[in-house]
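Okay, got some structures for you below.
Here come two complexes built around chain A, the first alongside chain B, the second alongside chain C.
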Partner chain A sequence: MRVLAGLRLLLWELWLPVALVVVWWFVSASSTSPYFPPLSRIWEAFVENWFGPSFRVDVVPSMTNLALGLAFALVVGVGAGLLLALFPLAGEIAEPFLQFFRAIPALAVLPALFILFGTGSTGNVAAIAFGAVWPILLNTLDGIRSIHPSVRLVARSYRIRPYLLVTNVLLPGAMPQITVGIRTSLAIGVVIMVGSEMYVSTAGIGHFVVVAQQTFALADMWSGILLLGVIGYALNVGYGVIERWLLRWQPRSTSGSK
Partner chain B sequence: MLRTRRRQVLLGRLLTLLALAAGWQVLGSSPDADVKAVPKLSAVLAALGDELGTSALATALGETLTTTALGLVLCLLVGIPAGLILAAHPALTISSRFVIDFCRTVPPLAVIPLFLLLMGPTQRMAVSLIIAVSVWPILLQTIHGVRNVDPELLSTARSFGLPLWRRLLFVVGPASMPYVFTGIRISATLSLLLTIGAELIAGVPGLGKEILLSQSVPDRMFALITVAGVLGMALAFAVTAIESRLLAWHHVPRAAA
Partner chain C sequence: MNATPAVQLRDLGVTYGGATGREVLRGIDLSIAPNEIVCIVGHSGIGKSTLIRCIAGLQRPTTGEVLIGGTAITAPPATLALVSQDYGRTLMPWLRVGENVRLPLRGVGLARAVQDERVAEALSVVGLVEAARSYPWQLSGGMQQRVAIARALAYRPQVLLMDEPFASVDAQTRAELEDLLLTLQRDLGITVVLVTHDVDESVYLSDRVVVVGGRPALVREIVEVPISGVRDQLTTKADPAFIACRTQVLSSIQASKDSGSAVGG
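Coming up: the complex of A and B.
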């Protein structure tokens, strides 16, 4: 009975996307507009590019840069957030500076970062890390601050060792907020990955899309856009699984955020 | 006690500011070839002073602001009504979920080349880009907000015989406002990011294009980047101010997400 209900829900969720793709396929089949090639041609280009040599040339560097940048942002963000939360005075002093850095549209800093770190993949990684570190840092700081004071008092009266305090009280307590920060950072990281590759780079999916556009290889360009869409969606779903695992001890709350 | 604490914080902030400035100045005058291209802070400040005197910066700022504001307003006009409609019935919500999720997670800059081909490096292109990308957070949060309105409120309103438009205006609207504002906050940041991105990557007139054009003049480039930072800060501040004004009645303290 429950399987049946689940199946019905799945049907309800999937009919529209399937219908849209089918409509796109048939409407574009006879398209002569150079900007909107038939979906069948896009699909051919997709298979040819992304199951072919471009995967190694463009997808692998992009994803490596993204992973490195995010890992860096995660370590620095959680570490610095934790330190600033442990020393409230320092945290209060740093707050306006952190807010300022977060508010800078990360793409505007691209030229400066490429000057500092060179136009190689170091520049891309630095750009991703710069954009992604602030949400994680601020959410870690805020998450630890919003742990109920009595929890910290209990921890203190038990004289829990500082190391255990951090790993077993503070970080788990802040985890719901940290995961929100990571989700934001993930989205920002992907944006900057694409943007930095479009701005200056010799490899990567963003680079591929721009080159395809400039050489009027429009089916290739569309295949790149589609791939980016798939990657974005896959990262989001994948992170959702990780997030649920990280917060498995929490009672399930309703979806949506305030 | 409290006053000394506040003085400590202010003093600390001042010292941090000075340390950052000094660090920049030292970095700028470093003879190391790798960072030679980074200008001294004093040079950047001088360039900023020069810029403030010219009309080029004002024009570019105006263009960036208009593009961002226009895009954001159009997103509101599209996103909120669409969200209301999609939240009206579970079938609509569930059917649209996958499509919205997918569109929302497409990296926003991916479509710049397509839009550039279709419309060229114009303000129209940047605004279209913003609508195509920033509408999703507002739409999604509107749906969440409307679906999370306390059903008792709704049935009370219905039993009082309030017509639909009044129920929307006086019950659903205020009750879903906190959610919608989360969407607006995300969309505002995203809109500015997209505007700068379109200007920097596609050459749409505005602050980003000026940054791109001044690449060979690092002093000016760093000055313009600083201006972009201040702009981002001002936008975030403005949205938060409007939000706390409109949601003053809302008792749940907002997390800095």
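Coming up: the complex of A and C.
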């Protein structure tokens, strides 16, 4: 039953993108414009690059940087959010500063970060972490604050041990908001990953796209853009599964991100 | 009374909103012996929950003090458990029923097997063994309240505080839970302080009924319930002593309404 329903949903979601790709394929087949090579040509480049040597040279470093940056953002964001929530006065004082940092477009901070951390992958990781940490931090803080006072009172009246309070009360209670923060951070992380690779880098998908553009290898360029779209989409879908697992305790009708 | 009181209130008063705020409780003196069941009755909004939060160590009284087992408290003491009125929100929505009951038992040096045993026992006592793996939202309001009761029982407190614990269950379940409470109280030898709106319930359960009333609320009267031996829903409630106590409590509540209120209840 559920498998069948899932399959129907998948078909429903897929028909439009599939149709568009088919249209693109045939409409572009006779294209002679150097800027818009036929899809068949882009596809060839896609296979050649991403199932070939560029996978190891560009995709692996990009993904590694993204994973590391997001991992840092997650640990620091949740950890700092938790601490600020545990010490309300510190939270009150810090919040305007946090909101300010969050408001700075992370791309604008890239030059400073590259000076601090170097232009190697450390710089890329730092940039991703810097951009992605704020939504997670602020949502953790806010999520813990919004836990119902009655729940806090019960925890207090039973003298729940601090580590159990954190793992069984505060973090799960804030999880509906933490997951929203992570979703935002994921999107920001991908943007900064690409942006920082385009800006300074010797490897990575962003770097690949820029070099392809500068050398007029436009099929290669499009293949890189296509790959980034696929990666972004796959991350979103994959994260949806994780999110549903994290919030498995919620009634189905109210789960999901808003 | 020769033994140290299990719970003692000395000149307890609560004023909300600072010195110029609203005085809710004034000069409450009350001494509750070990193994006693005491019910607190009074009009809605009179300050019963406030009083019980003070006894639980969750709220500092503005004046006076609370002694549990002879020592003044400033924080929730370890020998005490509270079943609060706001049952719908006191279970952790993200923990299954069994884990909700287990949470207070964790981190205090109890072996996992002992925890399991206590959780299973408490859930079977309230008739919710099959619900152990459900999430709270999958249960009805009355079932959630029974989970909260099971959590308190599994904790095995010396003093059990209950704030309108049976308000959301049907009459039949309510009667069963009342008898269950009496049985447990006898078997485990715990002290119970219970807040209720229901005069019959207060007389049926109590050794003494404490009537609070007026604004600010004072202890209006303490009614002794001279019914000894095991109580029973049918015979006890037909007992002339029961009926006499009920009349006394009712008239005391009514009198407190007529006298003390400046604002309508």
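The rule we apply is simple: the second predicted complex is superposed on the first by the 240 of 258 C-alpha atoms of A that agree within 3 Å, B and C clash if a C-alpha of one lies under 4 Å from a C-alpha of the other, contacts with A are read in each partner's own complex, and residues count from 1 in each chain.
The working rule: contacts are C-beta pairs under 8 Å (C-beta built on N, C-alpha and C of every residue); 3 or more make two chains touch, one makes a residue touch a chain.
Since the model is a prediction, treat every value here as computed from it, not as a measurement.
> Aligned on chain A, chain B and chain C: do they clash or fit?
fit
> Name the contact category of A:194: first (chain B only), second (chain C only), both, or neither.
A:194: touches chain B, not chain C.
> Once the shared chain is lined up, is A:221 touching chain B (first), chain C (second), both, or neither of them?
first
> Counting touched residues of chain A, say whether chain B or chain C comes out ahead.
Touched residues of chain A are more numerous for B.
> Have a look at where A:213 lands relative to chain B and chain C in the superposition and call it first, second, both or neither.
In the superposed model, A:213 contacts chain B only, not chain C.
> In the superposed arrangement, which partner chain does A:156 touch: chain B (first), chain C (second), both, or neither?
The second partner, chain C, only.
> In the superposed arrangement, which partner chain does A:249 touch: chain B (first), chain C (second), both, or neither?
Only chain C is touched by A:249; chain B is not.
> Which angle, to the nearest 10 degrees, do you get at the Cα centre of chain A between the Cα centres of chain B and chain C?
Spelled out: centre of chain A as vertex, angle of 90 degrees.
> Superposed on chain A, how close does chain B come to chain C by Cα atoms? Whole Å, please.
9
> Identify the overlap between the chain B-contacting and the chain C-contacting residues of chain A.
In the superposed arrangement, which is not itself an observed complex, chain A uses no residue for both chain B and chain C.
> Would you mind writing out the residues of chain C in touch with chain A in their complex?
Against chain A, the touching part of chain C is residues 56-58, 76, 78, 80-82, 84, 86, 89-90, 92-96, 99, 103-104, 106-108, 135, 137, 155.
> With touch defined as at the start, can you tell me which chain A residues reach chain B in the complex?
Answer in residue numbers: 9, 12-17, 20, 35, 89-90, 92-94, 96-97, 99-101, 103-112, 115-116, 118, 138-139, 142, 146, 177, 180-181, 184, 187, 190-191, 193-195, 198-199, 206, 209-210, 212-213, 218, 221-222, 224-225, 228-229, 231-233, 235-236, 254-258.
> Which part of chain A faces chain C closely enough to touch in the complex?
148, 150-151, 153-154, 156-161, 163-164, 168-169, 172-173, 175, 249-251
> Looking at the complex, which residues from chain B come into contact with chain A?
Touching chain A: residues 5, 8-9, 12-13, 16-17, 20, 34-35, 37-38, 91, 94-99, 101-102, 105-114, 116-118, 141, 144-145, 147-148, 178-179, 182, 192-193, 196-197, 200-201, 207-208, 211-212, 215, 218, 221-222, 224-225, 228-229, 231-233, 235-236, 252, 254-257 of chain B.
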